[in-house]
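For reference, the structure discussed in these notes is given below.
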């Protein structure tokens, strides 16, 4: 059956095949072919993104509602399924208000700029075996670079609103994004060193060939990347740039209507981008230990992507928010040294593997075990060194008494 | 059980320490002269036998003939409570010393009394209106704030329809 | 050489998710650091003290619902107790127990909200609040059974309570009492040792006992600073002298202590409720007052026009937010000559400036959340 | 450069880059200047792509848009009492003259030089080649640059430290 399907137009395991058949069949000149091919792929990716965002708005609201003991949207359409569409229509029809003191040009520009990187990232993401719009050699770097455009966009949004909450949030966001960008780069650097390529397809094929996912070999960069990703997409406990309880709605306080909708969508799309990167780099992309022969690769990929994105929904429903100085010191004092050590360790491992030429059946489990142990030792040890585990992180119960007028204050642990 | 120290008792105690400071004593409260208020309050707070370290409530009352400020004080150590008052008979610009040097907790409450009754607390570092806006005309909790037609004062003199009393004031037929 | 940024004034409120109503905090910032804080209030000022001077003593009871709208029962109780003190009325024992039970249920409801909102101020995205709402709903159901209202209850009367509880009330209350310990254990698991909440609130907004007493703060804030003071214990009112309970005190005086005290008080309230329900005596729930007349068609047997003797009374109770006092001056007329509310929310705000300076915006929000204000009670 | 597509792309990108660069100098609002600067950087990144230098292009976006532009924004926003608008300065005319001089020299040099065009195709993987060069032939300049950056970081920390902080450290 596999042979039967291979490359036929009805072979849904790779949606690129039928499209290629179609375009090749027409027989156009190269340039037109190229443009047509890109156009189809872009439209397909955009459609998927919008549908996913709409679906996940509903899923997030329902899931968080379940976590919070309530029902969530359940009125518009069956089980509230049409709620996101109704919301979208509402946002589209709302008056586009620009505040009087806003910098009009930048105020309108910001939602557009914020939208660009979140979409462009998907150009390099391999959805299936040949389902990648631009198979860049520097794919990993591209992921980080394009996500970096978010930073000025957020600042422009916060600054142009001429609102103090927005400006404060924008400054916070920039400081945070820059700090965690370094962590993100170092986390991906260790992965790139190990694989020896920055091409995302190479990552997938490497993990397919060696029959292992990088999550088992390097858990530490994965966790670091997930945390840095949470910062990038403003998910709790890192959502200080939105910080609902402190800064109203953060940098997009003054935005309403479809401009707000842009930010809202961009946040989800950036989340998908992070999840896509995690899926491709650490979770084997569109492969599933041979099952991709039977199940279309893109379904496997999307399944993994949504599972990773669900982590962010989960954390949002569960965790409170940290303070900005705590997050900054976490980035600089905790994550950065760990990531530097990690890069060093991975480099040494690659070097030793190359020198000894050990077979993969010995080398990979050994490296995985070493890295996992090291990760635990580093996290616990470095945490201890920074004063974690001194008891200040632990909660305690109130003292109970029946005596009136006595003073129990010790002040020992305050300050 | 909290011991409620009667005004007469506490007036005697204050008199022993500060002769000439007590102006009046009732079972419910003792009235202290405004010039010695701060030192009396400080003594009540600091003296180990009194130790009224907690100012529970501070509020002003417009008694029409005079304004008074009531200090409800408590002692945690002895589990006692008492009431001290100070009066000011200036109708237009009543003024009493501020209790903020003794209890910083009086700050907001003195602002409230100033805002609503127009009692001027001398020595309060930050005496501004608190609930009403700057420039609000008059002090609404004063009994003469609303001068009703026919010279009637606001407030129920009687409850409408209550038997035995003739209708007057704002009661309607 | 030092580089400083410009001072930057941020208004937190009056329309802001974390000011719990229309309250405004003007923060002057240097970067993220607060260098000055000022409170602006009065957005919800309804001049209750003036209005009360024009209404009869009984007509004033609904005002007390609307000061602290999250704890209407305790507001009722403090006011009727002040009037009873003025008129020297003895309240029947069953009414005393009913008042105690209602006040403790209200404390659980109010503390639940306070804890949930505090977690929200620490940045949790509504989850703790929603869980806390579940219990609060059940308590409000009990209130509805007892008096027909859920929020502004208007249940207590001068001389007792407005009506006896229906027969189905007690089984329902016992059922709730069985459920609640499980829930409280859940909250303690979720929140007490939550590392982020600890990191956010520990050592934030520290108030030493000397400062706390000097600033007249009361309730969980005073106990958070380690002062074992609870009006229920110090000056037992209603039926508290017959019940056994403990006071929760903190040792560090920070926001976290105020939070754990509220959690501990949930359990103490439950303990009080268990005893009170078991000990509940029979008998009338309302003292017949001298001039009482039964209202045509109305259920209330409270007299419409009470005329307390000339004098004054200061009644105080331990509301969920602190020492709630009503100071009533009577000139012998049917309405109070002066009606003053010593509202704990308002007075607990006194040291805000001191606590906030030197911290960050995020800390200021946590501090404000740990004070647990109700703006209806701040502005009155 | 025979490919029509590349030529069209080059001219479009060149126009955007030069136009935005002119805007950076001409626009009064400093934040607008920074936004235009970001456009310039993006245009330069596009020009790198036309030269099939994909690595450099991506790094250009990462470093210049993601970091340098943000640094400039920080510098503008955090400067105390700095006007958000550029002031009319007395140096306007001399600066214009100097700029014209520099531009003229550059145009002259650009037209006068006989540019050597490599016959070899572009690298397939530029990243590897750059990495090899940086850590092999140009290792010393690379290290010197790192030391320079490190000292810059330390200097910055020293500058922004509040005056009382010295005692805290000791």
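Labels for the chains are A, B, C and D, by order of writing; each one numbers its residues from 1.
Everything that follows uses one rule, which is that contacts are C-beta pairs under 8 Å (C-beta built on N, C-alpha and C of every residue); 3 or more make two chains touch, one makes a residue touch a chain.
Predicted model only: the values in this text are computed from it and were never measured.
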A-C against A-B, pair bridged by the larger set of C-beta contacts: A-C
By mean C-alpha coordinates, which chain is most distant from subunit A? B
So what's the Cα centroid distance for subunit C and subunit D, whole Å? 60
Roughly how far is subunit B from subunit D, centre to centre by C-alpha average, rounded to an integer in Å? 71
Round to the nearest whole Å and give the separation of the Cα centres of subunit A and subunit C. 43
Can you check how far apart subunit A and subunit B are, centre to centre, with Cα atoms defining each centre and the answer in Å? 62
Residues touching two or more other chains, restricted to subunit B: which are they? 76, 79
Which subunit A residues reach two or more other chains? 404-405
Contacts with two or more other chains, residues of subunit C listed in rising order: 227, 229, 234
Complex interface listing, subunit B residues touching subunit C: 1-2, 28-29, 53-57, 59, 61-62, 70, 72, 76, 79, 81, 83, 103-109, 112, 116, 130-133, 140-141, 145, 154-159, 162
Any idea which subunit A residues touch subunit D in the complex? 31, 103, 105-106, 109, 136-138, 141-142, 144-146, 148-149, 151-152, 155-156, 159-160, 171, 174, 178, 181, 198
For the subunit C and subunit B complex, residues of the former touching the latter: 41-42, 45, 47, 49-50, 53-56, 213-218, 227, 229, 234-236, 241, 304-305, 311-314, 316, 323, 325, 327, 329, 333-335, 337-338, 340, 342, 346-347, 349-351, 379-380
Complex contact set, residues of subunit A against subunit C: 64, 67-70, 164-165, 168, 172, 236-237, 239-240, 243-248, 316-326, 392-415
Listed in rising order, the residues of subunit C that touch subunit A in the complex are 8-11, 16-18, 29, 32, 119-127, 130-131, 133-134, 188, 192-200, 202-203, 206, 208-209, 223, 225-230, 233-234, 246-254, 256-257, 260-261, 263-264, 268, 360-363, 365
